[in-house]
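These are the structures in question, set out in turn.
Here subunit A shows up in two complexes: once beside subunit B, once beside subunit C.
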Partner chain A sequence: MTHSRSCEGYVPLALRFLFFSIVLLAGLYPAAGYAAVQGSTGPDTTGSVDLTYVQGLNVRINGLSDMPLGVWGGSGALAANDNICIGRTGVPLFSSAGTYRILASGDGEPGDPAAFTLSNGPSQMNYRAFFNDQTGTTGRQELTAGVALTNQNSFGLFYFFNMIFTCGAENANISIEVPEAQLSGAGGVYTGTLSLMLIPE
Partner chain B sequence: MVKSRLIAILALLVSGLSGMQPLHAAELTITQLEDVDLGEVAPTVRRIQQRTRFCVSSDPAGPFQLTALGSGAAGAFVLSSGAGAASEIDYEVYASGRGASRGRALVPGVARSGFMARPPRPNGDCRPPLTMMTIVIDPSSVQSAPGGQYSGTLQLTVGPE
Partner chain C sequence: MRPKLGHAIRQVALGGVLAAVATGGFAATQGTTGFTSSGDLDISLTVNDEVKISNLVDINLPPFGGTDVTGTSDACIYRNGGGDYLITATGSGAANAFQLTDGTNSVNYSVNYDDGTGSSSLASGVALSRTNAAEDDDDCVTFGADNATIDVTVAAADASALPAAVYSGTLTLLVAPN
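After this line comes the complex of A and B, so read on.
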């Protein structure tokens, strides 16, 4: 949760998450015309009704934790990562046919309201954020603040578990890194919030 | 002469009898059917259901049996988005009414008995409709279904018991 620079005392850094998920209804469709057929009178009689249903898509992001970056020891970058759960409806259980996009935003800075920044009040530092559509950091992709990372994917069964059981199967990873160049010369307690928006494709 | 008269009388009797309806044959009517809109729903863990009432009258009043057929293969209760089997959503149908206060699950093509029809009124009025049908979509049916508009037709046949 804290990091220190040599000679400048302890500098706690923390990053909190805000989570967003989007319920995307698959468009607003015009109501079907009423077509119920009434039965005529007889020894037996038959009528029929039409049934209509519009299936939307749900997504769910869960299992996120605050990411303490610790106390900086005076050299190297600081990094943290967290395995998370992505749920999505509309994908067969044994298929990877449903993709999603992730949009990340930081606390911002002048000229870039979504920039990935940590602040101690008077001063800021920038950090890098990464997303991986599987657990761990191998194969992760760097996020651009305010720009959706598209075509992320997982397995239908994992999506299903994460819709039903909140975080039944970790299937993604979010990671951050504060470069050494940002840490050098900084002092104090730095915190920031990273917001993630999950959108079904 | 007598023989020919007897033959003529018998012929009249036979033709008359063949034109008669059995006295107990009920005349059934199913009316006030309305289409069912299950709405625009993003799937959750809760089941989706919609109820509708309709009227079955019988002259004379009496019991009837109800048979339902969906628009899926072999009359299955499915809603389809028209893009193949992968985009079908199963639903269940329950019926209740006089004589069957607890909802009874209907099976495609299988007659369910024990319902009571009301007698017809002179003006054809059948309000309030006493037979209720509930359409239910279980959450497990929609979690994997692609987004889009789904539709289907449900055919209801009532006959005497």
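After this line comes the complex of A and C, so read on.
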């Protein structure tokens, strides 16, 4: 009977030690993740926190408008253009040190899911799209559907305005053209969507 | 003050709603700020159904030689996108009859139309449905050749009874999409 009581007293002691160890580790381990320093009790007290700010490159394209080309008059090409806003971070205000690229895609066609196409349902026509990294169409470059146009640039101040305002400073232009040869298809209302992706470089 | 302020807020809200409605035609999607930014704009245009008849030449009928007197003009029929069309012929005689006249006497003529798939007789003012319109080429130059033929015939029996004179008239052809 004595031996039996002794054995019963030994096991709870071991369990208590194990429990104490777990509580101690649980208390210490999370404390290692905290960099903030807590104040201590006294006439005055000081604590501190570490600050971290990760600033990635951000861009914003804005100021896009639909392009209704109207009714084709029976001859000539149809064209439209629109000044838009490109915003980009990471460029000093009075610098042009930050470039970007534009990736354009249309509604697609068999064999080219990004082709610049307009459709009235059964019939389809192709259009050309251009991008200019300044307002207006002078100096524009033709876009290839699904292929990024690289090394586009603007002024830091314009980038800044376009990041903090909706469209603070127009600094680019998108234009389209439907060649006359494409317009002799079947009659109807042709529509399509041109999607533009802005990517910082 | 509270009711006035509430009223003012309602007015501002209403103004906002009206502005939103007024700009509702803009379907363009603006990009949001991020590592990349994407926007969309919609493009639309209207191409009307259009047709054109061209390359017609005046028909000078040969002198009566004892048989039917016939003459021909080719024509180019264009419809954007190609497809079917309606052709309606009218003459310059009374009630648009196919008639030639010297001012005193008149003579009837008949009109046949061939779109390349076979000749059909035309009645004045009655539309005939045809096909084979040229697409992408409104004057049949790149198409390679005209794609229709108009034949007019003065029957020998009518021609033989006419007094000697110059008989003339105008045949008008109206083409419409079908």
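In the analysis below, the second predicted complex is superposed on the first by the 147 of 201 C-alpha atoms of A that agree within 3 Å, B and C clash if a C-alpha of one lies under 4 Å from a C-alpha of the other, contacts with A are read in each partner's own complex, and residues count from 1 in each chain.
As a working rule, a residue touches a chain if its C-beta (ideal position, glycine included) is under 8 Å from a C-beta of that chain, and two chains touch if they have at least 3 such contacts.
Because the structure is predicted, anything quoted here is derived from the model rather than measured.
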Does subunit B (first) or subunit C (second) touch A:S40, or do both, or does neither?
-> first
For A:V54, decide between first (touching subunit B), second (touching subunit C), both and neither.
-> first
First, second, both or neither for A:G185, with subunit B first and subunit C second | second
In the superposed arrangement, does A:T138 touch subunit B (first), subunit C (second), both or neither?
-> neither
Have a look at where A:I174 lands relative to subunit B and subunit C in the superposition and call it first, second, both or neither.
-> second
Should A:G70 be classified as contacting the first partner (subunit B), the second (subunit C), both, or neither?
-> second
Give one of first, second, both or neither to describe whether A:M163 is in contact with subunit B, with subunit C, with both, or with none.
-> both
Check the residue A:G90 against both partner chains and state whether it touches subunit B (first), subunit C (second), both, or neither.
-> first
Taking the contacts subunit A makes with subunit B in one complex and with subunit C in the other, which residues are shared?
-> 56-58, 163, 200
Which positions of subunit B touch subunit A when the two form their complex?
-> 25-45, 48, 52, 54, 79, 81, 86, 89, 91, 135, 137, 142-160
Note: in the complex, subunit C contacts subunit A through residues 25-50, 80-83, 135-138, 177
Subunit B touches which residues of subunit A in the complex?
-> 23-26, 28-29, 31-32, 34-58, 89-93, 156, 160, 163-164, 200
Residue ranges of subunit A in contact with subunit C within the complex | 56-72, 74, 78, 80, 82, 84, 87, 118, 120, 123, 127, 163, 166, 174, 176, 178, 181, 183-200
